[in-house]
Amino acid sequence: MEQIFTLGFFITLLAATIRLSVPILLAALGGMFSERSGVINIGLEGMMLIGALFGVIGSYVTGSPWIGILFAIGGGILLALIHAYMTVSLGVDHVVTGIAVNILSVGLTSFIFRAMFGITTTPVKVNAFKPLAIPGLKDLPLIGPILFQQNILVYLAFLLVPLASLILYRTSWGLAIRTVGEHPKAADTVGINVVKIRYLCVLLSGIFAGVAGAFLSLGQFNMFVDNMVSGRGFIAVAAVIFGKWKPSGILAASLIFGLADALQIRLQAVGTGIPYQVFLMLPYIVTVIAMSGLVGKTTAPAALGKSYEKN
Amino acid sequence: MKKDLLLINLVVPILAILAALVLGAILLLFINVNPLEAYSVLLFGNLTSLYGISEILVKAVPIIMTGLAFTFAYRTGLFNIGAEGQMYVGAIAAVVVGLKLGHLSPFLAIPLSLLAALIAGGIWGGIPGLLKAVFGSSEIIITIMLNYVAVYLLSYLVDKPLREKSGFYPQTDMIGENAFLPVLIPNTRLHLGFLIALLFVVLVYIILWRTKLGFELRAVGLNLHAAEYAGIDVRTKMFLALALSGALAGVAGFTEVGGIHHRLLDNFSKGVGFDGIAVALLGQATPFGVVLASLLFGLLQVGANSMQRSVGVPANIVYIIQGLIILFLLGGTILARRYQKKKAKGVA
Amino acid sequence: MQPILKMINITKTFPGVVANRNVNLEVYHGEIHALLGENGAGKSTLMNVLYGLYQADSGEIYFEGKRVNFESAKDAIRAGIGMIHQHFMLIPVHTVLDNIIMGLPGDRGIFYDRALHRERVLEIAHRYGLEIDPDAYVQDLSVGAQQRVEIVKALYRKAKLLIMDEPTAVLTPQEVKELFSTLKKLSQEGMSIILITHKLNEVLEVADRVTVLRDGQVIKTLNTKDADEKLLAQLMVGREVNFVPAKSPCQPGPVVLEIKDLVVKNQRGITALNGLSLTVRGGEILGIAGVDGNGQTELAEAIAGLIKPVAGTILLNGEPIVGKKPRVITEKGLGHIPEDRHKRGLVLDFTLSENIILQSYYCEPWCGKFGFLNLNSIKSMAQELLEKYKVKAPHSEVAARTLSGGNQQKVVVAREISRRPKLLLAVQPTRGVDVGAIEYIHEQIIKERERGAAVLLISTELSEILALSDRIAVIYKGQIMGEMTNDNPDINEIGLMMAGIRKKKEAS
Amino acid sequence: MKRKIFSVLAVLLVVSLIFSLAGCAKNEEPKKEGEAKKYKIALVLPGPINDQGWNATAYAGLQLVKKDLGIDMEYIENVQQADFEATLRDYGEKGYDLVFAHGVQFTDAVNKVAPQYPKTFFMVINSDQGKAPNIGGIGIREWEGGYVAGTIAGLITKTKKLGAIGSFPFPVIKGTLDAFENAAKAVDPSIKVMKTYVNSWEDIQKGKETALAMAENGADVLFCSANQVGLGSIEAAKMKGVKAIGYIAPQNEVAPGTVVASVLYKTPNLFKWVVEQFIAGKLEPKGYSQGWAEGVLEMDWTDEVPQEVKDKVNAVIEDLKAGKIAPPKP
């Protein structure tokens, strides 16, 4: 056992944690904006999936992963528009809409992929993001390999945390978003356009989720396979709640979920007595516990899940 | 007024289904498939043989149960998104009973495993119910989270403690034959579970509309304040609603292992829990509506397989159509209501 | 002098209700203008029209001499109008500063310069003597402090006209005093203020002019120096009593309801009933008159067991019922026509049958053994009741939602009366109901009295109180101001008591 | 309410009827001229045909049969466990001549269905059991593939540590990984093999992370038997600069320089072989098993592998062909 827990083990564990937490973090940051404005977004999973596919398509068509990202964003926006129209404009239940978005996305991605690329025994490969070592920093002992030899989307994801914080807490937009999510009527009385803010936030969640999906298909790989998101969108929803709807909290939650996953893989590789399913369950159980008492409903935006209709 | 109800209850669902099919047809044209041909198989292909029809019914059985589960909670104003997980724990309990007591008389083995599934599903639904009643936690999030916990619990059980004796596959041994649900029509798979599901349809209808408890649950769902005024203990009722809802979903697990798989497998009958939400909404959250909508979903899913076999259409098109039906139905209902309101205002 | 605001011939209707009819209002620079009227007189609607939250059906608005047409609050704010709603539009989890600057554009692009805002906010607060802490969270503030935040919020948006909707409703006397001195200071600085209120003393204390609204129409605009409480009460309440149903002389029986020193706090934790005491005997109707928001809701809910009193006793037929569950109290003989039939009284999507058994669904014969409902007997009983109480409905199995307000209320009345209660608690029994139904419901209430039930009638409609009651008590700030028999009573005296002024008179 | 929903269904049925009529009308084009007996053959797949692994190779088999034998095979993909029986029965009902069930997980269902449809021959891929009169099994001795991969890995490893990833601990997959280990140890007993199951066929990120963990633990040659998950492990190998051995599909091109050789499954040949046997009336209700000897397994080398290694591996393959090497113990 002692040979497992070497310094090297911890370093590589940490690196894996970071990689595994990035898609969760990206999607969860998007989900945070949506929920902060009062719209529950369970459709993150579907938006990630379509982002993963569109990213590959974009890179395939143009040869540039950056344009792939733009495609992924477009795909995320597409589904987000559906979600926003249903929830904000029509006032349909947010959760049910999100589920429908997910179902739709599973079918649509698989359908489009096959219609475009046919059936192959080897993957359709596209240009993807290369790891970008940051000169100087990458050679730092210990943390160099963990933190500074990732691909650009990883840096981007972590940069988005303070940026999201900045937007949420330091700007007029952020204050408007928080106001709309807490008390849409009050927002209305100070002249904030509730519908517009909610639309923008849901679209933002689509953009973030799309990038999260593209991170999987273009950042981690250079291909799309059916269902490649594998439930990470739902974990992201959990991360939003567990992170108490705050960027820093979401960062912590994503890292915890990423760590649980990374640890699970490694413990299985070296063999421990604990069934690996226990580790897989962990993020969800943690969320349930957090939801009952630890994270009271008081920390949730007060108007979360409630449609707002002007008289 | 009658005409207005007609619009929402009849015209909107039909238009929603048609619109979804039309959009699906456009996609089919993209891959050079004749949509008329594909849809004729999808919708009609399995209605020509007894076996085809029986398969539709077989498919519908668990969806009816998860649909009932969603309906039951929905009528109390709660969203149970956890039918999938509740189905899995129900199946686990049913299989454990089937393994241990499958040698008993069917008259004992079957009711006992049904009971076990009810209890297990009830507990799995009761947890979010309890958290809702005590802490006011969102039952939506908790039920979703518990879905995953159930999936991994199942995976662990078939991987380790309940793994078959030969140890080959991550699955349990077959349950005792006396715990199998008898087949109703020879040479089909239509099993007793269908009748059991119909029984629960009637039971849910009776509970909701013919008993004191149902009266209370619906009152809580429709108007919390009035329910309080009428002396109903709102929190207890919320807990009860989710626990009973979970029990119903647990029965879906029972019918699937007792009637189809006869053992526990990883990830069996995936997605049935979510289908339940769709059929409940499509069936206007009435037990009989759930049956009809489940039959429609059964038809679509069995038809999707036929469509794939004979026309070569990828089965995933059905996911698209299902997703679109839900969206169009919900959106359409609200648009229709708005239209009515506008009209009413114009008249007044 | 040009008025800062001119509203001409404003009419605003809601489905079935005319909230404002040809209303004219002028407000001058630097004046405090009171908008006086009872609940439902149309004050808030008029102000929501001005503030851009509602659109008027017809009429014109001129602000600072220019014709304006505000499509949203944003337009009104931009023009220089601030509104402080009765329910504060503050976000509890935001800081005071965030609450003040929310909705404002950023300073450098989208970024706020919080330090600058903080400084300016403090400056304004200081200038008007409004003590606030910009870094405190609103949820930690007292109601008075929250109101100061609301005022600063409006001032910070350079409001030239400030609308205050019932600003004193939730304040302590000290806070009211502070508020008034602030308002005076503001008006001296040139601010125009519209004060929505139904409290006569406040009008006289702080306003320069007053416009009285009744039933959506302007009754009169006058200078407060030409007015006194008597006049205002008359204008506000009106004199006409619609009709007096025939009733036999009162023969009071034994005491059915006895309330002693009842103290109740409302959801916000504010004392709503403050040592209230009253008794009602069998065979008599005690009418509680008073302006809305003086504890009526809490009184009714406390009797029905829906809120738990902090102190005091309630005896129903001599049995204490404080702390008992609603069902227990109902079973002890309470019939309750609740204030808001849509919130408490009916499940709108239930059928009429189901609504009719709402209080008794679990009892024989509606519910048999094993908890099964006896649908046939319920249906026939419901049908019978609908006919008996002249509810206009196609049959008993339609949803309550499909009925008119009057018929909905008749269903509630029928249900509560048919249970032959010992105490009938009728709260606003005819609110939002057409004339025919009013008459009918009044008759039913009198029948109950004649049957020997004790009736506690709580209404903000003085005419209703006068028409039905044997005795009248006036509630003000959670206390009974005075009581009198309904024997050619002095309406002005009632009006004064409703405004919180006790007539100097030897204790009765 | 009931009536209303009923009418929804009624209308649906009418609509579908119209569709079906229209569809029929369209269908009446002249059938292709086929003078020989038209065989009705179907392929039942447990997963999607674009899984770049197990199901994709079967689909390639279908295409090969069409190309070489001119027979149109039908297929159905993504069949869920709950539908195994129904799907097989459906083909039996429609009088199919030969039905391939692509995976040993179909065994229960085939055993149940086959007796009712004596005219249909059911062929279970990877099953080693036949059952008279109409159930056959045919399998690739996958362990032979694993053994060769293990030999290569054992010969090229420098760290003496190898990584092997499987999807689920199913017997076939487990046997493959065990054979991989046996082979490596046969090269050098000091070699250590890390084996992990990822519980998925499609979660490529999990595959990648698992492979990374192995590489970080010192493994310098990786091997994976889990469909798309394998692509993840190759990606990881590329990142870590270690080697990978392609499996089933020709994966040398997936990551040139990283994938040094692929053990190819000529599964398509297997389908072709069965169909040929069937047409010739020679197909027996027994368990067939094929491997290097029958030409179902094949090597795809790259220049990364030195000739001496290739020679040694080829010798091992000859031993396997000759049956000199024992399969791993279950």
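Each chain carries a letter (A, B, C and D) given by its place in the written order, and its residues are counted from 1.
One rule holds for everything that comes next: a residue touches a chain if its C-beta (ideal position, glycine included) is under 8 Å from a C-beta of that chain, and two chains touch if they have at least 3 such contacts.
These numbers come from a predicted model, not from an experiment.
Chemist: Note the shortest touch-path length, in steps, from chain C to chain D.
Modeler: Steps on the shortest route: 2.
Chemist: What is the set of chains touching both chain A and chain D?
Modeler: B
Chemist: Farthest from chain A by Cα centre, which chain is it? Let me know.
Modeler: When every chain centre is compared against chain A, the largest gap points to C.
Chemist: From the C-alpha centre of chain A to that of chain C, how far is it in Å?
Modeler: About 47 Å, centre to centre.
Chemist: I'd like the Å distance between the centres of chain A and chain B, where a centre is the mean of that chain's Cα atoms.
Modeler: Centres of chain A and chain B (C-alpha means) sit 29 Å apart.
Chemist: Taking each chain's centre as the mean of its CA atoms, how far is chain B from chain D in angstrom?
Modeler: So the centre of chain B lies 33 Å away from the centre of chain D.
Chemist: Can you list every residue of chain D that touches 2 or more other chains, as numbers and ranges?
Modeler: 199
Chemist: Touching at least two other chains at once: which residues of chain A meet that condition?
Modeler: Within chain A, the residues that touch at least two other chains are 110, 114.
Chemist: Going by the touch rule set out above, which residues of chain B reach two or more other chains?
Modeler: 155, 159, 314, 316
Chemist: Touching pairs of chains, all of them, please.
Modeler: Going through each pair of chains, those in contact are A-B, A-C, A-D, B-C, B-D.
Chemist: Over in the complex, which chain A residues touch chain B? Could you list them?
Modeler: My answer: residues 40, 42, 82, 85-86, 90-93, 95-97, 99-108, 110-111, 114-115, 231, 234, 237-238, 241, 275, 277-278, 280-281, 284-285, 287-288, 291-293, 296-297, 300, 305.
Chemist: Taking the complex as given, what residues does chain A use to touch chain C?
Modeler: Interface residues on the chain A side: 167, 170-173, 175-176, 178-179, 182-183, 185-193, 302, 310-311.
Chemist: Under the stated contact criterion, what part of chain D meets chain B in this complex?
Modeler: Per the stated touch rule, the residues are 1-2, 4-9, 11-13, 15-17, 19-24, 26-27, 42, 74, 76-83, 85-87, 89-90, 93, 105, 116, 168-171, 199.
Chemist: What part of chain A is in contact with chain D in the complex they form?
Modeler: For this pair, the touching residues of chain A are 8-9, 12, 16, 19-20, 23, 110, 113-114, 117, 119-123, 125, 131, 216, 220-223, 225-228, 230, 261-262, 265-266, 268-270, 276.
Chemist: Can you name the residues of chain C that touch chain A in the complex?
Modeler: The contact residues of chain C facing chain A are 51, 53-54, 72-75, 77-78, 83, 85, 89-94, 98, 101-106, 110-112, 114, 153.
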